[in-house]
Every structure is written in structure tokens, then in C-alpha cells.
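In what follows, chain A forms one complex with chain B and a second complex with chain C.
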Partner chain A sequence: MTLIESRADATRPAVAPPTGRRRGRGDSLVPFLSGRSYWWYLLPGFALLTLIILVPLVWNIYLSFTDYRGIIAPQWSGLDNWVTLFHDERFWLSFRNSVAMILAMVIAPTVIGLLVAAALFDVIGRKFGAKLAAFLRATYYLPQILPSVIAAIVIGWILRPENGALNTILQAVGLGQFASNWLGAPDTALVSLMVVLVWIQVGYPVVIFMAALERVDPELYEAAEIDGAGWLRRFAAITMPMIRPEMFVVALTCTIAALKVFGPVYALTGGGPNFATIVPSYYSYSQFFQNQQVGYGATIATALTVVIMLVSIVFVWAQNRAERKERER
Partner chain B sequence: MNARRLIATTGIAALGIAALAGCGPAEQESDGVLTLWHYEGENSAMGIAWNRAIEIFEEETGATVAFEERSFEQIRQTASQVLNSDEAPDLLEYNKGNATAGLLASQGLLAPLDDAVAEYGWDETLASSLQTTARYDEDGVMGSGSWYGVPTYGEYVQFYYNAEMFDEYGVEVPTTLDELEDAMQAFVDEGITPLAEAAAEYPLGQLWYQLALTQADRQWVDDYQVYDNPVDFAGTEVTYATDTVADWVESGYISSDATGLAAEDAGTGFINGTYPMFFSGSWWYGRFLDEAQHDWSTFLFPETEMSPGSSGNLWVIPTTSGDPELAQEFIDITLRPEIQAIMGDNGGVPVAASPDDLTNDSSVELIENFNTLLDQDGLAFYPDWPTPTFYDELNAGLQGLLNGSLSPQQMNEQIGSDYEAGLPASAGSSTP
Partner chain C sequence: MSATSLLVTGETGHRNRRRRTVGDWIVLAVIVITALVVVFPFLLILINAFKSPSDYATGGPLQLPTALHFDGIAAFWERVDFTGKLWNSLFISGVVAVLAVVVSVLNAYAIGIGRVRGRVPLILVFLLANMLPQEVLLYPLYTIFRTIGLYDNVWSVIITFVVIQSAFGTYLLASVFGTFPKEIIEAAALDGAGRWLTLWRVIVPVSRPTLGVLMVFFFIWTWNEFLIPLTFLISNANQTVPVAISVLQGDRLMDVTTTSASALLGLLPTLIFFLIFQRTLSRGITAGAVK
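And now, the complex of A and B:
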């Protein structure tokens, strides 16, 4: 603190300007706290952040440099876990599967959500009334309300190879040749999981995008219509640019969710068959709790955290850049 | 408190939590109450027998038992944290094996029981092959070293068969491997998949191991389980097991859909008469007695003296127990013939029951098969015990084999390298 105070003193003018604010009795010695009493209100949140996020994060990073098995005190093992991680094919496979998760939880739901939201707002809402649009929006959102593990267990029953509803229906309608061991065969397990994730995820962008469309000035659409613009043209020229901030938010939050997806993988496939659907969070969980290789599990979790932070930084940077360009236009 | 002080306090609190996380537990003081955890259902053979043991214990010692029922998964996933805290019970049931009881023993969380074994004579009560899972060396490898647990029941894997379907299709109970394949072929010819299987969980892994045991001797089991010598995953035992599973899938004896099925699916498939045969553990016996609506019976895998199996899970006493003497007395009561007979009569596999004490005839066959295995030193433990990760890895390899993404040779290479990667440093290496 002495250093901060002396620096603060050093930057203070030797003679206070006549109109300058004089340092009062209640002002803090910390420069950024001066006269900004709202910082006090942030302190409880900061304390909780420290206890709930920062301490476990630091502890997790520390454990990644140990051979901790969850019992006696961890022993420092240097970079051993990290070296193992970089040579661990299963770890890299789990990250390759994360790309599929991003496709299923970000790209597909965002595209589908955009189209559905625009259709509900612009077509259903106008032609059939706002109530029907709101009802359909709630319907799409329903899977988001269901606990993902419960939804996954029910879907697991539907996709069972023997007497599962999907295969039974396929056989009943004469499409028995398409019946499959959906979650047990390597060529269908990942795709089946992705379809389930799209179903779970699509309601979220629909709700966000519909809320965003509420703030678009209807005169813009009317003017475009008078000018003869069709639905597609209005969608591209008005809808898309107007809800770009929400698209960034959806893309960022869904990407984070995709990178750390766990529940559906745990309940539907357990990472199988033969690790075909393993993802980093499930791999970390299995090392932590099933194999009691806590140090290695912490290494995977730390690597995942780093990736999520990098992705978040890139997203925020891209969003700021896009907004800056928008303002400069 | 000013902002700086608050921030500093927060930081100190955070560091305090981090420091506390590394602290060990303190030994609890005796309170005359035996805190007991186990995960056997109230109506299971063990649950019924141990409830009676609690009554006897309270009558004889005047102490009380504070019983808390836990689930298997609860104890499996949290025992290390709980036993490393001040909340540990005085006595609990815990999973046997290197990766479980062995790990806890090697980390100093379980009290050695050598003195109690000498005092109560448990080494005389329990057959030597049951003692393997009770003793662990300083690396947590079972089979030698101090006693850290006491088994009071046994378990083993065998064939269950639907006697009505066997009669209907004129299939005889097989006594040789060829007859077993003929029996399965007879069902395939009728359009019936003969074996209820699951590769998402343990059943197929146990069948694979049983097939390896048909080619193995006790030394191979010791090599595989307790690392006497490196295991050759290109050797006769493993290649026979893998090739045979692949052949049986090819022949339709096992459905490739088993990749997506769990043990419960296979068990219920046998119960509801979808499959005529199920190769799995004695833990299903009581349930089949309750739920199967058809006549069924059992036989040991033909042409081999060994079968997957071991002692049941163990009574262990945490190092921090405040009443270890009471815990030892309770363990001893659970080994009494009268308690063991209750277990046997309710579909369990007692380890110290006198056959004369049993009143339920349907349990006799179960116990006779177990005694046959004990007599021929046939308990070969389980395939996933050697390394903490091998359960998932063997299942994954078999899933790959069933769905055709791995050839038998590729599967052997994959599980061989998984096995080797998971061995403790003291174990040397295998030759995958």
C-alpha cells in the first residue's frame, strides 16, 4: 500500500487546481475507490466469487501438478500430468467430439432458432396472432426446462436397440431396415447424441431471438414491404443485422455449454461405445470419481477451462469489433 | 472494516480453505455408539442377516448401533473423502479390490486388522481364497500384507438358464464347451438369441474373462490380478477369449446390440423370458427367485475349474473410528453360523454357514456351486480389478469388438495398452 500511496502522491499536482476536488475525509486511499461508494456493494459478490470460483480454480490448477488421488495430501509431480495429457489420444478424441457438440449445440440450434424465431414473429404472429406464437415458443423451450439427465434417460429408452420406441415405430411402418442400435453403434451414437442436443438446445435461441425481435421497429418491416421486399429479403436485411448482439450472446453461451456438456453424455452413452462419444467434462469426471485419478482429472478440467476462457475472449473481442464497426458506419 | 481489510480477509479465508483441504482427519473419541454404514437393501440376504446381527450386537454388548443406509455409488464415489474427514463411521461395507479397498488401505485410511484376526480367528473361519481380497500390501495390491477388511459373504459368476425354454426346444444342460455351443446354436436355429448380454456394463466383460479362464491356470490369474509376471495380451488366454466373443457374435449367440445395453437390460431380458441364458453373478439369484415367472436353474461354466468371483464386499474399519473394538465385535457376530444361515436362506452366499442350518432348499444349489469353486480354488476375481480404469476400458474394447470398429487383434492391443498404462509402478509391465 505504501507504494500505491506514494505513486498516488507522485501523480498528484504539487498545487491543487483552483477548481479541483479536494481529497475529503471519507475518500479511500485506493485510487479506483475514490468517491465511488458503489464498490462496497460489489464486495459481497467479489467475496463469493473468490470462495466459490477463484479458490477452487486455483486449487484445481494446483492439483493438476500433483499425483493427488483424493485421499492423502497431494504430492507435487511437476508437469507429469500435462505431458500425459498431451500424449493422451482419448483426451484429443474428447476435444474432437467437442467440435461435434458445438455443431449440435451452437451452429444448428442458432440457425434453426433464427429461422424459427423469425417465422414465429413475422409469419405466425402476424397471421395467427401473438398467442399462438407464444404457445409455440413455449413448446420449443420445453426441453430447456426439463433436467437434461431426465430428458436423456427418457430418450435413451426411446432409442434402445431392443423394444425402443423408435425402432418399434420404424418396424411398424415398414421401415424396419432403418432400425438401428442408435446409441450403441459408433456410426450412429455421436449423431444420435447430436440430434438429442439440438432438440434440447433449440428453444433457447428461439426465446432470445424472439425477445430481440420485439425491439425492432415495425416500421422498418413495413417500409421494406412497401418497397417490395419479400420475407427472405427482410430477414437478411433487417432481422439478421438487428439481432446481431443477441446472436453473439447465444453463440457464446451455447459454445461454453457445448464445451462443458456432461449430463446427456453421462445419461445416454457414458462416453461409449468404445469412447466414440467421450467429451472432456465426462473424461474429467471419470478420472476424478470413477478412477480416483484426481490430479489427472484436474488437469483435464484445467485444460477445458483454458479453452473455454480463450473461446470467450475471442467471442467478446469479435463482438466488440463488430459493434465498433457498426458504430463507425 | 475498510475495503483493503475486507479484501485481505477474503484472501486469507480463501487460503485457509485451501490449506484446510490438505489437512487430515483426527481420530474420533469412543461414544459407545457403533456408527455403521452399508449399502445392502433391507430385503436383500445381507440386509436381513445384518439386521439380525445388529439386534444380537445390541443385546450382547449393551451398545447401540447407529445405522445409516448408503447407496453403493455413494460410498464408491465419496468414501475416500468421507474417510478422510471427521465424519467417518466406525464400520462400513466397502468394495473389495486393488482400486478400492486396496487404495484406501495404502493411503492409511483403513485400520489394519491383524490383531483382531488373531483374536477372533477369522483366518480359520474364511477359506484361503476368500482371504485374498481381505489383505493388501503397502501398495494396495491384494493377496498379501495386513488384513484391512473382512468378507462375510461370497459371490461368483455362473450360467442361469430358463428351464422351460430348454424343455420347449429340447436343449440339454451343457456339460462341455462344445455342448454349450450346440445349445446356443439350437436356440439360434429357432430365431432366438441365446445369451442375454450387455456391453455397456459388466456382463460381457465377465464372460470374456471366463473364456480366458478356460485357457488359464492359477498362475495366469495371479499374473493378471496381482502382477506376479507380465501378462501377454497376444497370448492364448486373451486371444481365445476375444476370438470366441467375436465368433459368438458372428454366430448370433450374442447380439451386437449389446453395446447399447446395461446389466439391468440383460437381467430383465432373462427374467421376462426373452433370452434363455444369462451368464452373470450370484447377486442376481435372489432377484430371479422373486421376479422370474418361469422355471430356471444354474450351472457353472463347463470345462473350467475357475470362475469370476471372490469374497463379497468387506467390512472395513476406518483409521479414525472411535470404537474399533465394538466394530470388531460386530464383524464377528456377522460371521456366526446363525447369521450366515439367515443370509443363505435369503438367497445370499454365506462364507461360514453350516449346510445343516439352512432351511431354504432353493438356496442350497447356489451355495453348493460356490463351495465347489472354493474346493477347487476356483475364485478368479474380476477382470477389471487390476487397474482403476480397466472396467471402462474393457467395456469400451468389447463394445468396439461387438460393433465391428475393432478387430479381435486391435481390441487385444487396445486393452493391453490400457492395462499396462494403469498398472502401479511396482507392477512392472505387461506384453501387449
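And now, the complex of A and C:
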């Protein structure tokens, strides 16, 4: 929104008054049919896209039907990899963990982000000043700007079993019996990873939802307040419906990010202990470069792509349906 | 964020200031405490990056350092040749930011203003490029770059991210250019400007704020990338900041204060960048969300 506003502002000075001086020149009489086609402008971008995205994508799908191990030329093996994939418990485990990632990177941040954004906008912005609200918003956003591996290292350092900050604190306050090898023990690793991801992720919905709330006419809230509507009622009747488009955007982009997550897993647990935190992208990476099972790694990567496409299609379809319903009302 | 919203909230804030209820204070307390939880890891890193190992051993992670100790940071800086890594990251991200904006502008010009046939499928293809898990490109790209001799060369990463970032840029800019005022383009045409001139003399200057936001985002996104630099830049001299730091984490010899120093060095560049471009960034996040 802001983007479009600023663009419109910038537009004004640039409007050059047509002088008409050169109107006599050939093609200017038919301005939109003149010269070469616009296709030329797509040439560099599309050539690069083909070379870097489309060819590798098709190539990867091809590899998923081969037994390629990176040395001898790939041999066609038909559906072998795909059959293996469907019977591979580790693959299904990695997708179960993807559900945990969605919980940690989509559901929890959206819920927390919604509450924080509403509180920042509704209470802190209005009762304590916009500056304080903006400052707190930036604080929540801080983990988002870090490279996610660095963010993971920051937390990994705190969770270290020996002399890590968390265990030291627990011992200091007399809760030493709860100290644990947070990322190294199979029963706490996944949950610890999830907490880290919530921490990394929460600032994104806060910022987006706050921006969305600025669209809301303050009179709407004031009228509701005069009518005696409590905070919860205003939240449900005004806030939630107003920011629904942003909720779709956040949910879709975060779900894709959760399905693709790699950096934090690589930096924190390497998929361990005993595959407790393995995710599809890490599984595929380890097949490529640790097990030299390139064909099988390609199969996992292709399967992940299919899942992401399906999820996106369902999301966009649901969003369109919701918008249509809204218009019919 | 914008001047107007600040004004409006400022006004109502003033009027309501007398009516701050107990509930308001409770909300403030909860939000501030949660914010402290969010920044707590950063504070810990800051405190411990300047401790000596013996200071850490006696005082634990929560004590303030007894004396400022720069050895951990200096040792880590030397060990990973941090200057070199900083330069690699800066060079890769900077070149990608500029080139990806140029490619996005060219694509979006054809799609958004030229309205070439088949633009909807085209936009979908570009969108796909942005949604794909990078693993799907990894092995074929690895083979391609090996064959043409760009493997373990920063340009392999630059080319790849120019394409990935400009895929998003094309998607965003195509919709922005789609609403570009027709009169301006017509005026330029009447003035005798061809398409090439119209693009660079009219459309690019007018869209400069949007392009600036895109450039800042491309820079940060590329800086933060991990998987592709990790696989394509294997030699020490070519690594980026995140890769260099994460590779050393497995090193069991690293003591806890050096790890802390490494984390501080890893987050400092992006933190500085964030502080400089804070307003551009919040503008951009908003723009990305509401299309």
C-alpha cells in the first residue's frame, strides 16, 4: 500500500508537458505500435530463468527416475526411487516433522503475531504513543533480519548442554534437575528446534499485521467503543475481518518457508539425534552430498516441490473462494 | 509509520492519555516482557562475546564481563579471515541486488506495460521459480557450474540469485507497472521517446522508491542465503559470512566465548544494515504483503 502511495507521489513531477515539437517524426503518431515488440525486453530474463530454473527443474525430475550416484552416467530406473520413497519411513518421518515446522513457523507465529500486533496497535500505539509501538515492533522483528543460520547459532549456543546459558540459569535458580541436552536428546530436540523457529519467525506477522491495521478507519473502533463493544468483541468484529487478506499472505508464505526450511536444521541439529529433527529438504541434501544417492535425493526434492505446489494451489483457491463469498455478502 | 498515521495516533493518544486503564498497563507489561524475551539472546551474545574464557567459567553467562576482552572476537576474525568473508558477502549481495533489479525492470516492462501475450502464464512461471525448494536446482546447477568452470566461484552464486530474486521482482513490479498512469507513457511517446528511452527516462525514475525497496530486500535476502552458497562455494576464500560461521560451529575446539564472538560477528553486519534501512524495510514488507 505504502508502495503505491509513494509511487503516485513521485509520479507528479515527472509528467513532462507534451511539447509536440517532434510530433512529425514517423512512429510517434502511432505510439503503441511503434518499433520492436516488447518481447525483446523479456529475452535476458527469460533466458536466465530457463538456464537456472527451468532446465535444472526438468533435469532434477529426470534424475528422480534414475539411479544416478554422481560418478557413472545416470541409468534409467523407472519408478524404483518413487517406490522406495513411498516405503521409506525416514521420508514419512521428515514430512511428519514438516507438520511440526508448520506449527512452529506458521500457526504459533500467526497467533502470537496477531495478539502482539493488535496490542501494539490498539493499546500501546493509542495510549502510550506511536513511537513506542514502532520501537517494540522493530524489537520483535529483529530475529527476522538475521541469516537464519546465525539466528540458530545464537540459540544453539544458549542451549549447549555443558556450560550453555539455559542450563546455567536453571541451575542458578535451583531448577538444575530440568537441565538437559536440549538439542542432543531425542525427546527434546524437535521441541527445542520448534521454539527457536517460533522466535525467528514471530516478527514477520507482527509487522505485516500492524501494517494491515493501519488501513482500518479509527472511527470504526471508536464507534464500536461508544456502542459498548469490549476489546474482544472489537477484535473479532473489526480487526480479524479487516486483516484477512494479510493473514492469507502470511499463512501461504510461512507455510512454504516451513516446508522448505533448511538452514536452522543444518546449523542446530543436522537432522539428529537419530533423525528426530530430519526435514525433507535436509534429507534430500544429505542424500545428494553425504550418501551420494543423487537419484534418490532428486526424488525427495521433486516430491517436496509437488507438495509445495499443491499447498499453494489449495491456498490460492481457498483465498479466491473467501473473497468471492465476501463480495456476495 | 507514515507521517499521517503518526499524527493521527499521536492526537488520539493525547486525548486518551488520561484514560489509561489498569488493563492498558497490563497489556504494556506483557508486550514489553515478551519483547525482552525476544531480545534476550542478543543481550546474552553481547555480554559474553567480550568475556575471557576464565571470566565465563567463574561468572557464568549472565554476569557482566569483569573486563572488556576482545581476544575472542579478534581470534575468530583472524581464524576465518572475516574481512575476506565480509567482502565476499558484500560483493555477492550488492551485485545481485543491482542486477536482479535491472532484470526485474526489463521483465516487468514487457509484462506490465507491454502487456505481451501470455503474461499470466509468464507470471506464474516466475512465481514458480521463487517457490521451488532450492534442493530441486542443486544437483543440476552443480553439474552445470562444474562443466562451465564456475563451480567454487562467486559468480555461480551471483547468477543463481539474480534469477531467483528477479523472479520475485518481476512478479511484484509487473503488478506495479500494470497500474502505471497511461498518460505519462503517451506523453513520452508524443515527445518522440522510443520504448527504450521511455523505460529509462520515464518509468524507472518514477518508480525509483519501489526499486529502492526491492534492491534493499534483494541485498538482505541474498546476504542471508545459505544452502546454495554452502554447496557452491566450498573453498575457504570464497565463502560468505553465514557459511563461514556455520562451518566452524562443528569445531569442538571452539570455546563458549569464541562461539559467542562468532555469533556477534555474524549478526552485526545485518544489524547495522537494518538500522540504516529500517524505514525502507518496513515500507517494503508492507508492499510485499498488500498487492
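FYI, the second predicted complex is superposed on the first by the 278 of 329 C-alpha atoms of A that agree within 3 Å, B and C clash if a C-alpha of one lies under 4 Å from a C-alpha of the other, contacts with A are read in each partner's own complex, and residues count from 1 in each chain.
Note that in this section contacts are C-beta pairs under 8 Å (C-beta built on N, C-alpha and C of every residue); 3 or more make two chains touch, one makes a residue touch a chain.
Keep in mind it's a predicted model, so treat the numbers as computed, not measured.
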| item | value |
| --- | --- |
| Touched partner set for A:Phe275, first chain B, second chain C, both or neither | first |
| Touching partner for A:Ile72 - first (chain B), second (chain C), both, neither | first |
| Chain A residues touched - chain C or chain B, whichever exceeds | C |
| Which superposed partner A:Arg160 touches (first chain B, second chain C, both, neither) | both |
| Which superposed partner A:Trp317 touches (first chain B, second chain C, both, neither) | neither |
| First (chain B), second (chain C), both or neither touched by A:Phe178 | neither |
| Touching partner for A:Lys127 - first (chain B), second (chain C), both, neither | second |
| Partner chain in contact with A:Trp92 - chain B first, chain C second, else both or neither | neither |
| Partner chain in contact with A:Trp59 - chain B first, chain C second, else both or neither | both |
| Overlap of the chain B and chain C footprints on chain A, listed as residue numbers | 1, 28, 39-40, 46, 51, 54-55, 59, 160, 289 |
| Contacting residues of chain A [partner chain B, same complex] | 1, 28-30, 33, 39-40, 43, 46-47, 50-51, 54-55, 58-59, 62, 69-74, 159-162, 181-186, 270-276, 286, 289-293 |
| In the complex with chain A, residue positions of chain C that touch it | 1-2, 5-6, 8-10, 12-13, 16-17, 19-20, 23-24, 27-28, 30-32, 34-35, 38-39, 41-42, 44-45, 48, 56-57, 60-62, 103-104, 106-107, 109-111, 113-116, 122, 125-126, 128-129, 131-141, 144, 159-160, 162-164, 166-167, 170, 176, 179, 181, 183-192, 194-195, 199, 202, 205-210, 213, 220, 223-227, 230-231, 241-243, 245-246, 249, 256, 259-260, 262-263, 266-267, 270-271, 273-274, 278, 281-287, 289-290 |
| Residue ranges of chain B in contact with chain A within the complex | 2-4, 6-7, 10-11, 13-14, 17-18, 21-22, 24, 77, 80-81, 83-84, 99, 103-104, 107-109, 199-200, 255-261, 265, 269, 274, 388-389, 391-392, 395-397, 399-400, 402-403, 405-406 |
| Of chain A, residues touching chain C in the complex | 1-7, 10-11, 14-23, 25, 27-28, 31-32, 34-42, 44-46, 48-49, 51-57, 59-60, 63, 116, 119-120, 123-131, 133-134, 136, 138-140, 142-143, 145-151, 153-158, 160, 163-165, 168-169, 172, 199, 202-204, 207-208, 211-212, 214, 218, 231, 245-246, 249-250, 256, 259-260, 262-263, 266-267, 280-281, 284-285, 288-289, 294, 297-298, 300-302, 304-305, 308-309, 312 |
